[in-house]
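Two complexes are shown next, each including subunit A; its partner changes from subunit B in the first to subunit C in the second.
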Partner chain A sequence: MNTVVAGITYRALLGRRRILLLLLLPLGLIGLAILLRVVGSADQRSAVLLMDTFAIATMLPLLGLIAGTGVIAPEIDDGTIIHLLSKPISRPVIAGTKFLVAASVLGLFAAVPTYIAAWLLVRNEDGIAFGFAIGVLVAGIAYAAVFLLLGVITRHAVAIGVIYALVWETLVGTLIQGAQKFSIQQWGQAIAAQLSDSPFVDAKVTLGFAVPALIIVTVGAVLWAGLRLRTFSLTGDE
Partner chain B sequence: MKIELAQVSRWYGNVVAVNDVTMTIGPGVTGLLGPNGAGKSTLLHMMAGFLAPSGGTVTLDGTQVWKNHHIYRNIGLVPEREGVYGFLTGWQFVLSAAKLHGLPNPAEAAGKALATVEMEEPKDRRVETYSKGMRQRVKVAAALVHDPPVLLLDEPFNGMDPRQRMHLMDLIRSMGTAGKTILFSSHILEEVERVAQQIEVLVAGRHAATGNFREIRRLMTDRPHLFKIRSSDDRKLAAALILDSSAGGVTLGPDGLDVQAAEFRRFAHLLPRVARAEGVRLHQVSPADEDLESVFSYLINRST
Partner chain C sequence: MSEIYDIGYRHYDGPRLGRGHTVRALTVHSLRGIFGLGRTARSKIMPFSLVTIMLLPAVVSIAMMALVKQPGLIPYSGFAVIMQAVVAIFLAAQAPTVVAPDLRFRVLPLYLSRPVTISEYVGAKVAAMTMALFLLVAVPLTLIYVGELLIDLPGPPGTGEFFGSVAMALVLALLLSTFGLAISSLTPRRGLGVASVMAAYLLSSAAVPVIYGTLEMSGYDSQARWAWLANPFWLVDAVQSSLFGTPSHAEGPYPGGPIPAVLVVALIAAAMAVLALRYRKAASR
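Then we have the complex of A and B:
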């Protein structure tokens, strides 16, 4: 962890209109929760439905994409990354710092709003709010690592990330049985199901698979990103 | 400190960008001269640890440069691309460099570096409001903040106005005199010869020539020049010119003469005198190959 790298990364990620992009989906989530409350559907079933379909399946992958690639891909694109890489700091430390920034941003912009939205609907009933907040946090950490890696290894991180988030996680992950095992949102769901007693919360993956999978993917992606940064090359215009 | 390149090559697929270059960059100012696309940036990136050589080795005082972040204690790099965070002020940018280097007194070092490039006055403005020359100077300040013994600059004078250019040239010269090892790339001979004591010429990825600016200048002007001449009587002029040894060959064509001048200076004096003596009126005298590309290609053909 390098505080100077973290400071610059936070400013690059949250500065200007970027923060609006990060706020849009969580505000939508909270807005939907308020709407459900107003129309009198503030029950466990609709709370879990909102968490499943919007918080974990839509908001989280997209925020993960914005934060995970956002901490590094723009800097690689415009060459500002050289400012950090031409310093006597080990590249894995730079990758690790950027990962922590992305993960913390996801905690703030995804996990906290998830808790607020669920709490607005069912308060602390059956640990739904807490369970989903932790599920989103843990899955968000994994997304931060995966999208950071994507931002390091390809110049088309956002395009590939959108395809991954929408096609794999949303379509394949929810429709095809076998593929669900290899879906970060299903792993988050498994954590939520473990922490909540509500009968409406179910998981398609066991905790015994989800936890090691989350750890392996997160640690592996951050390490790989660090190794790729070590061999970061400037190819120039020639 | 010394940067040593030993038989360094770099290729991208089938394209060879740098071909078997061996050179040593020592203290003082060295100019890396070559036309666009000659491989200057590729070579500089390999010296800066931002590109792996496909063959050969790049070392800084004997230590490997590639995959070694410790070299940046001794190297300051000014990349060609902007590479400056627009949302930071000049002060914040240079201060961040000082902190990233872990300097004991980052504020003092940043202040000193900004003073060196005369950027104290606009230092509290955001970098995005700077002109290209100011950004360039702020980049130089960030590269100098840890007082590195080696400074690498990629096309540092691009986009600078004449006054800024002059100032940076003075700065580079004085740092060279102070014993730092400085290498900068440029495609403009005049720039290089005004600043560099030592010039390395790179053409089409090959190390075409090395020497001080007098040697390089001589190589470039004493080569054969091709002139296209149109006159009132081409045949008469051709006959008169060929008598002198400075005209290596004369071709008479439908739209004028092509004269191969073996000795540039002598031919330049000869032509008007001959034309006058013969009573021939010159309509057009133009060097056919005066662009830098052909100067360089002469050098590369000479060295093969």
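Then we have the complex of A and C:
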């Protein structure tokens, strides 16, 4: 953890109008929750549906993508990463710091709005709000690590990440049963299901698989990103 | 003392092609750039893999028509709506490559030092993106139609539906490209542009069914229909449905009447206005 690197990264991620991009989807989520309340269908079923289809399946991967790649990809893109890499800071520490920044941003912009949206609908019934907030937080941390790694490996990180989050996790995940095991969303869902007593929350993977998978993916991706940065070579644009 | 050296500058004696050709050259250059032609192999991967994904349903459709002698699995009018995620990813991935580099490297004044005006520059970019999106949707449609004609299914071919859906593909392409370029021209960073376009699309595609479902369950049936108009693909499908009488390809009916069409025109005009404002500012730097 290096506080100067963290400060620069926070400024790069949240500075100027870029914070609007991070606010767009959480505000959409809270707006939908308010709409559900206004038309009077604020029950557990619709709350869980909103969490499943919007919070976990749409908002979380996209925010993970923006935050995870946003902490490193723009710097690689315009070449300013060279100023950071030429300083006597260990490269794994740089990767670790950037991961922590991305994870904390996801906690603030994904987990907190998820809790607020679920709380607006069902208050604290059956631990739905708490369960989904923790599930989103944990899955968000894993997304931050994976997309950070993707941002170090390829220049098309955002497009590849979108394809993973949309095509693999939603399309392939629903068509091929086995593919659901390799989906960060489903692991977050498993945590939410564990923490909530509501009969509407169900998970397709067991907790015994989800927790080790989350830890291995997160730690592995951050370590690999650090290793990649050690032998990083800047290449020209396209 | 002083002496003028002849260092060999030559005058240009060739034909002067005029304004139209500069715009055409810029359009063709942008269109090639969208598909990565004339660039590295790495920048061809993304557009061409998405084109391949778009062609897959067409191939499956033709195979089904040939083997079971039944109409294919995707109706012409519903093709764009069913494949909307792929079209949106293509737009998000490629729209920033059209506008971002010129903004980032501040080469706009170089373009404008030639007889190209700002509106011609923006027009060329919009035309290129529109053409690319139109090809992305219309080529698989045409492939299915040609397949249907060759296989000669019992009953008349769906010629009317095919031409209707190709016309709507052009409208959809224009709507998406103006919007995508307007959003991605706001940032000179490509990655950020991709994420912005994707966020805007996902917000509309994920929120709309939730809004529709909620309103419909609560008994606001007539209001619920308006929710579909918040997503560009369903909006254009609604226009198609009122123009050509095709069924709705959303999970519920659309509001009829001229309002969806008016909305499409208004949205295109709004996106064009954003582009004009943005480039007036960018050109003055």
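Going forward, the second predicted complex is superposed on the first by the 232 of 238 C-alpha atoms of A that agree within 3 Å, B and C clash if a C-alpha of one lies under 4 Å from a C-alpha of the other, contacts with A are read in each partner's own complex, and residues count from 1 in each chain.
Here, a residue touches a chain if its C-beta (ideal position, glycine included) is under 8 Å from a C-beta of that chain, and two chains touch if they have at least 3 such contacts.
Everything numeric in this text was worked out from a predicted model, so none of it was measured.
Once the two complexes are overlaid on the shared chain, A:Ala12 sits against subunit B while remaining clear of subunit C. Of the two partner chains placed around the shared chain by superposition, subunit B is the only one that A:Phe232 touches, whereas subunit C remains out of contact. Contacts of A:Ile66 after superposition: subunit C is touched, whereas subunit B is not reached.
When the two complexes are overlaid on their common chain A, residue A:Asn2 makes contact with subunit B while staying clear of subunit C. By the touch criterion defined above, A:Gln177 reaches neither subunit B nor subunit C. In the superposed model, A:Asp78 makes contact with both subunit B and subunit C. In the superposed model, more residues of subunit A are touched by C than by the other of subunit B and subunit C. By the document's definition of touching, of the two partners only subunit B reaches A:Arg91; subunit C does not.
For the contact definition in use here, the residues of subunit A common to its subunit B contact set and its subunit C contact set are 78, 237-238.
Those residues of subunit A that touch subunit B in the shared complex are 2, 4-5, 7-8, 11-12, 15-16, 78-80, 82-91, 230-238. Taken in their complex, subunit C has these residues touching subunit A: 39-40, 42-43, 45-46, 85, 89, 92-93, 101, 104, 186, 189-192, 194-196, 198-200, 202-203, 206-207, 209-211, 213-215, 217-218, 220. Subunit B contributes residues 12, 17, 37-42, 45, 48, 50-52, 67, 69-73, 75, 77, 79-85, 87-88, 93, 96-97, 99-102, 142-143 to its touches with subunit A in the complex.
Residues 17-18, 21, 24-25, 28, 32, 35-36, 39-41, 46, 49-50, 53-54, 57-59, 62, 65-66, 69-70, 73-74, 77-78, 155-159, 162-163, 166-167, 171, 237-238 of subunit A are the ones touching subunit C in the complex.
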